[in-house]
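Letters A, B, C, D and E mark the chains as written, and numbering starts fresh at 1 in each.
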Amino acid sequence: MSLLVDLVLVALILMAAVWTVLVRDRRDAVIAFIVLGLLLSLVWMRLYAVDVALTEAAVGGGATGLVLLRACARLLPVEAEGRLPGPGTQIAAGLLSAIAAAGLAAVVLSPPVPYPSLAALAAENIHQVGLGNPVTAVLLAYRSLDTLLEKVVLVLAVIGVWALTPDAFWGGAPGSLKSKHASGALDLLARVLPPFGIVVGIYLVWNGADHPGGTFQGGTVLAAMWLLMMMADLADPPEIRLKRLRRLVVFGPAVFIAAGFAGIFMSGWFLSYPPDYAKPIIVAVEAALALSIAVILGLLVAGPAAEPPKR
Amino acid sequence: MPEFLYAAAALVLLLTGLGLMRMLWGPSPADRLMAAQLLGTGGGAIALLIAIASGTMAIIDIALTLALLAAFAAVALTLGEPGTKTRAGEGEQ
Amino acid sequence: MMPAQVAAPDGVLLILALMLPSIGLLAIFVLGHSRPERIALPVLAANLAVALIVALQVGHSGQAATYRLGGWLPPLGITLRADGLSAALIAMAALILFVVAIYARGNFASKAGGSESRQPMVFWTLLLGLSTALNTVFLAQDLFSLFVALELLTFSAVPLVCLEGSRETLRAALRYLLFALAGSVLYLIGVALLYGAYGTLDIASLHQVTRADRATSIALGLMIAGLMAKAALFPLHLWLPPAHAGAPAPASAVLSALVVKAPFFLILRLWFDVAPQPQPVIAGTMLAALGAASILVCSVLALRQARLKLMVAYSTVAQVGYLFLVFPLVMGSEAAVPWASIGWTGGVLQLVSHAFAKASMFLAAGLIAEAMGHDRIDDLGGAAEAVPISIAAFALAGLSLMGLPPAGGFVAKVMLLTAAVVSANWWIAATILAGGLLAAGYVFRVIGRAFADPAGGAPPPKAVARSRELAVLSLAGVALLLGFLPLQPFAYLGIGQGGMP
Amino acid sequence: MSVVLDAFTVITVTAGLVFFLAGTVGLLRFPDALTRLHALTKADNLGLGLIVLGLLPQCPDITSALKLIAIWVLVQFAGASASQLIAQFVRRNEPGP
Amino acid sequence: MSAPTLYGLCAAALVGIGLFGLILHPTPLRKVISFNLVGCGAFLFFGIAARRGAGAGFAGDPIPQALVITGIVVAFAATALAVALILRMLEAGASTVDAKPLPPDDLSP
């Protein structure tokens, strides 16, 4: 019976994906992609990857969708939809993609037996980091270097987006996100939802140590609330020269790196945690990271500065 | 009981899917705006049904996130609306 | 799993190689300082010191230096490892980045007391970002960490391309980003399939267990295809010339010298350390054929460019093509292990000598353009008088590209040529020779114009700082010095290869 | 006791499903965007409400039950605001019905 | 057919559909969306590896799950950067953003 859910889900996903690629209108493609993101979060749930499902719901349904929709709103009057290539290219592209998909499908259909897994190894060691959620243990302990470098990627992405600021506007604020049409409903939503959202965000971060959830999921929800307030004109996008803002961006990565070096002195290795204090250290690092992620995601959506700094 | 809840989840999914198709094909942009809305409620219901059916309470948090962000997506969608002209090309202020 | 061993001091240096530039870029970002080069230069100097010490220690001990992050053993944890090749490459990258930084003070030094301005802040942070990225690419032993490293590279490199902000550079940057992202995602699919097949992403562990089956071939095929797009191998090279030519000179130098080498290095790792041996001959031949096409097509295109920087950029695609000749040459050699063959050594030497030569060439092109006010090759008359040292550096670096003695490129190309002849790959030998001739054509065209009389009515050339010219010359000098290496496989590059300690 | 609770769950969830069905039929059949919106919000929210109500007795702990109720409240509120926004959008973009 | 296999086939299809869009569409925004589709497929491959590797009391192997979370973050950052570039390019006055090859003289030094 539960396989029925899977079959329906796969059918819907394929429909949304085909729609995303084939629909003529750009904005319809984005909407179909958002729908796909929400459906995928249900897939992750069916795969019992709840942490990923939360991330996909927050990012796919929230952040990515907003970025793409903003782009559509600004592109529509300017850019033509572009002309598709001729039938020869289309057929060649179709063939190439079909071959790739067929090859991948063949791999899926012949899994190795027994299926390799690090689950046992992850379970054996989890007591050393004092966490209940194995995914958090991977992100913050076993493979913490990836997580740390990914935070550097995020800071570089902020710099990369800011790099697109016209010289005259450097230091100023990103363009307003506010909706062109004032609306009481939006205003109400942006006043009532954020308190809920902040509680949920903090809950997800806090809960992430032992249950599904974690920094990124919580941080994204927090970012969504900030963006909602910006869209309802209850908060202005901050000027990019602000020291306070930049400290918030760097805070999480800096705490993480500091914890890493502290590990060398406390237990011998960079990014190792002394077993007795592992959990509090990890939770502290996660909290700092969630704050930075919320700010970074908000800034990435807001984009480069669009007005000169105020004196 | 789990079997019943799974079946209910599949049915909600199917109905949501039908609704989605309607939205995507629907004649007006507003129909597409409703798609995210629909997935917020439908997706939330499916997540809750599966959470209880499979006994994985953590899945409730997914429903919570979906519910929270469904409204967000609706706002984002109205934000994504072209301010200067409609799809048909007539001017609008 | 308690930490199984005490951290060796050389291991900690590997951490510093990753963290120093990261800390530097965070510091510049958070301080909003008006003079970011004051943070970046010392950090890059320290980074150079770290890289050199690592390289010396590896040579001294004759063993690879390793570090297990958090004390976790693979396959659960991530290992950093500097074998002979990695150590040589991080030293190369650190040296080039440092010299480029000295040169770039002329482009991106900000005025004292002013507020932060865009170009210096972005340039210096991203230069440090590149340093982190390259060190991670060369040191990480985990296929997913390498994916993150590739993304670090992309996110640092793309905004450098459009630093100037003109429409054309923005377009070039966007195209670069799209190619890079497509490459990344193909690589990522391969990583997923390998994990599904073997349950580990650690290169040393994979080396032991990979089988020649369908999943492995498809995974490696996708990863290599993605990396080819990032390394601008023909016919996926279209993004490179406008991107590298549009960036400011110091950025172009780093992009051409170092950034395109990272994906090639990963292909090398996948080919020799991950893929089940022996490799199918057809795959190696295909890579080499694409490399040969890169050499011939892009050398001809370089000859036809009107702009100096575009010419140098096309030359990059051609010179990267040489690297891909390695695969059939190693298969055809009789050496017991790849790194004992002259084909492999020649390829690595080509990588290093091209890095120095091309960095020098792009920086020289930048100075020439600054002095003359343009970079139209046909109107370069008088450049030899205006910026003699830069023209000399350009010529010396050109020797390396042509493969003439005594340049490093000469030794590299002779080794590749010998390997081609020994393994009876005559078409490869012919391509190497033809590529050399074409390179001579485009380099001499520039030198010839530079010594011509200045065109009447041209504005007088501007002066450029002597220190910057010397920086350019020093890089060309290193490329030249590499030419005095003996024509044989080096034991140093073999340290720690093939899963040995 | 448990049989009674199970029966309650089956009945309420089934009623919820009927509302979802009604909503979907409305979406498919109603002639214009505003009426479709009406079908969507009313039916779905009632449907979700009934499903939440039906699932409450099955919750193993009080926290989950509270979360379920919170989700329902959230969807009520967010759905109402969102449909306001969509209705305003419809009014701006389409000549009145 | 087991659920992971079904979703694995779905992932393969997503990659195929996304690649098709990546090659087909001339405009960069559509290419970015297609890139995200391929990315979703790639993540799903990790997902089935996780589910098939369930064991030791976990419903899934946690390592691939963590990798996906990192991957989603990076893909989002890439999307944001690409979109910012596209918008900036329009502001800089490009009438079209089709990825046509540049004429050689289009670049100033």
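In the analysis below, a residue touches a chain if its C-beta (ideal position, glycine included) is under 8 Å from a C-beta of that chain, and two chains touch if they have at least 3 such contacts.
It should be emphasised that the depicted structure is a prediction, and the values quoted were computed from it without experimental measurement.
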Practice problem: Trace the shortest chain of touching neighbours from subunit B to subunit E and give its length in steps. | Solution: 2
Quiz item: What are the two chains with the most C-beta pairs touching?
Solution: A-E
Quiz item: If you average the CA atoms of subunit A and of subunit D, how far apart do the two points sit, in angstrom?
Solution: 28
Exercise. Please compute the C-alpha centroid of subunit A, do the same for subunit C, then give the distance between them in whole Å.
Key: 31
Practice problem: Let me have the rounded angstrom distance from the C-alpha centre of subunit B over to the C-alpha centre of subunit C, please. | Solution: 47
Exercise. Please report how many Å separate the Cα centroid of subunit C from that of subunit E, as a whole number.
Key: 26
Exercise. Among the residues of subunit A, pick out those that touch two or more other chains and give their numbers.
Key: 2, 30, 46, 48, 70, 72, 100, 104, 107, 111, 115-118, 122, 124, 142-143, 146, 150, 153, 157, 160, 164, 166, 181, 186, 189, 193, 196
Quiz item: Which subunit D residues reach two or more other chains?
Solution: 74, 77-78, 81-82, 85, 88, 92
Exercise. Pull out every residue in subunit C that's touching 2 or more other chains.
Key: 76, 144, 148, 151, 155, 158-159, 162, 165, 170, 189, 193, 195-196, 199
Quiz prompt | All touching chain pairs, where touch follows the definition stated at the start | solution = A-B, A-C, A-D, A-E, B-D, C-E
Quiz prompt | Of subunit A, residues touching subunit C in the complex | solution = 100, 103-104, 106-107, 110-112, 115-118, 121-122, 124-125, 128, 141-146, 149-150, 152-153, 155-157, 159-160, 162-167, 170-171, 241, 243, 246-247, 249-250, 253-254, 257, 260-261, 263-264, 267-273
Self-check item: Interfacial residue positions of subunit A with respect to subunit D in the complex
Solution: 181, 183-186, 188-189, 192-193, 196
Quiz item: If you look only at subunit E, which of its residues touch subunit A in the complex?
Solution: 1, 3-21, 23-27, 29-30, 32-34, 36-37, 40-41, 43-45, 47-48, 50-63, 65-70, 72-81, 83-88, 90-91, 96-98
Quiz item: Which residues of subunit B touch subunit A in their complex?
Solution: 3, 6-7, 9-10, 13-14, 16-17, 20-21, 24, 29, 32-33, 35-36, 39-40, 43, 46-47, 50, 53-54, 56, 58-59, 61-62, 64-66, 68-73, 75-85, 87
Quiz item: Where on subunit C is subunit E touching in the complex?
Solution: 76, 144, 147-148, 151, 154-155, 158-159, 162, 165-175, 177-178, 181-182, 184-186, 188-189, 191-193, 195-196, 199, 238, 242, 245-246, 305-310, 369, 374-375
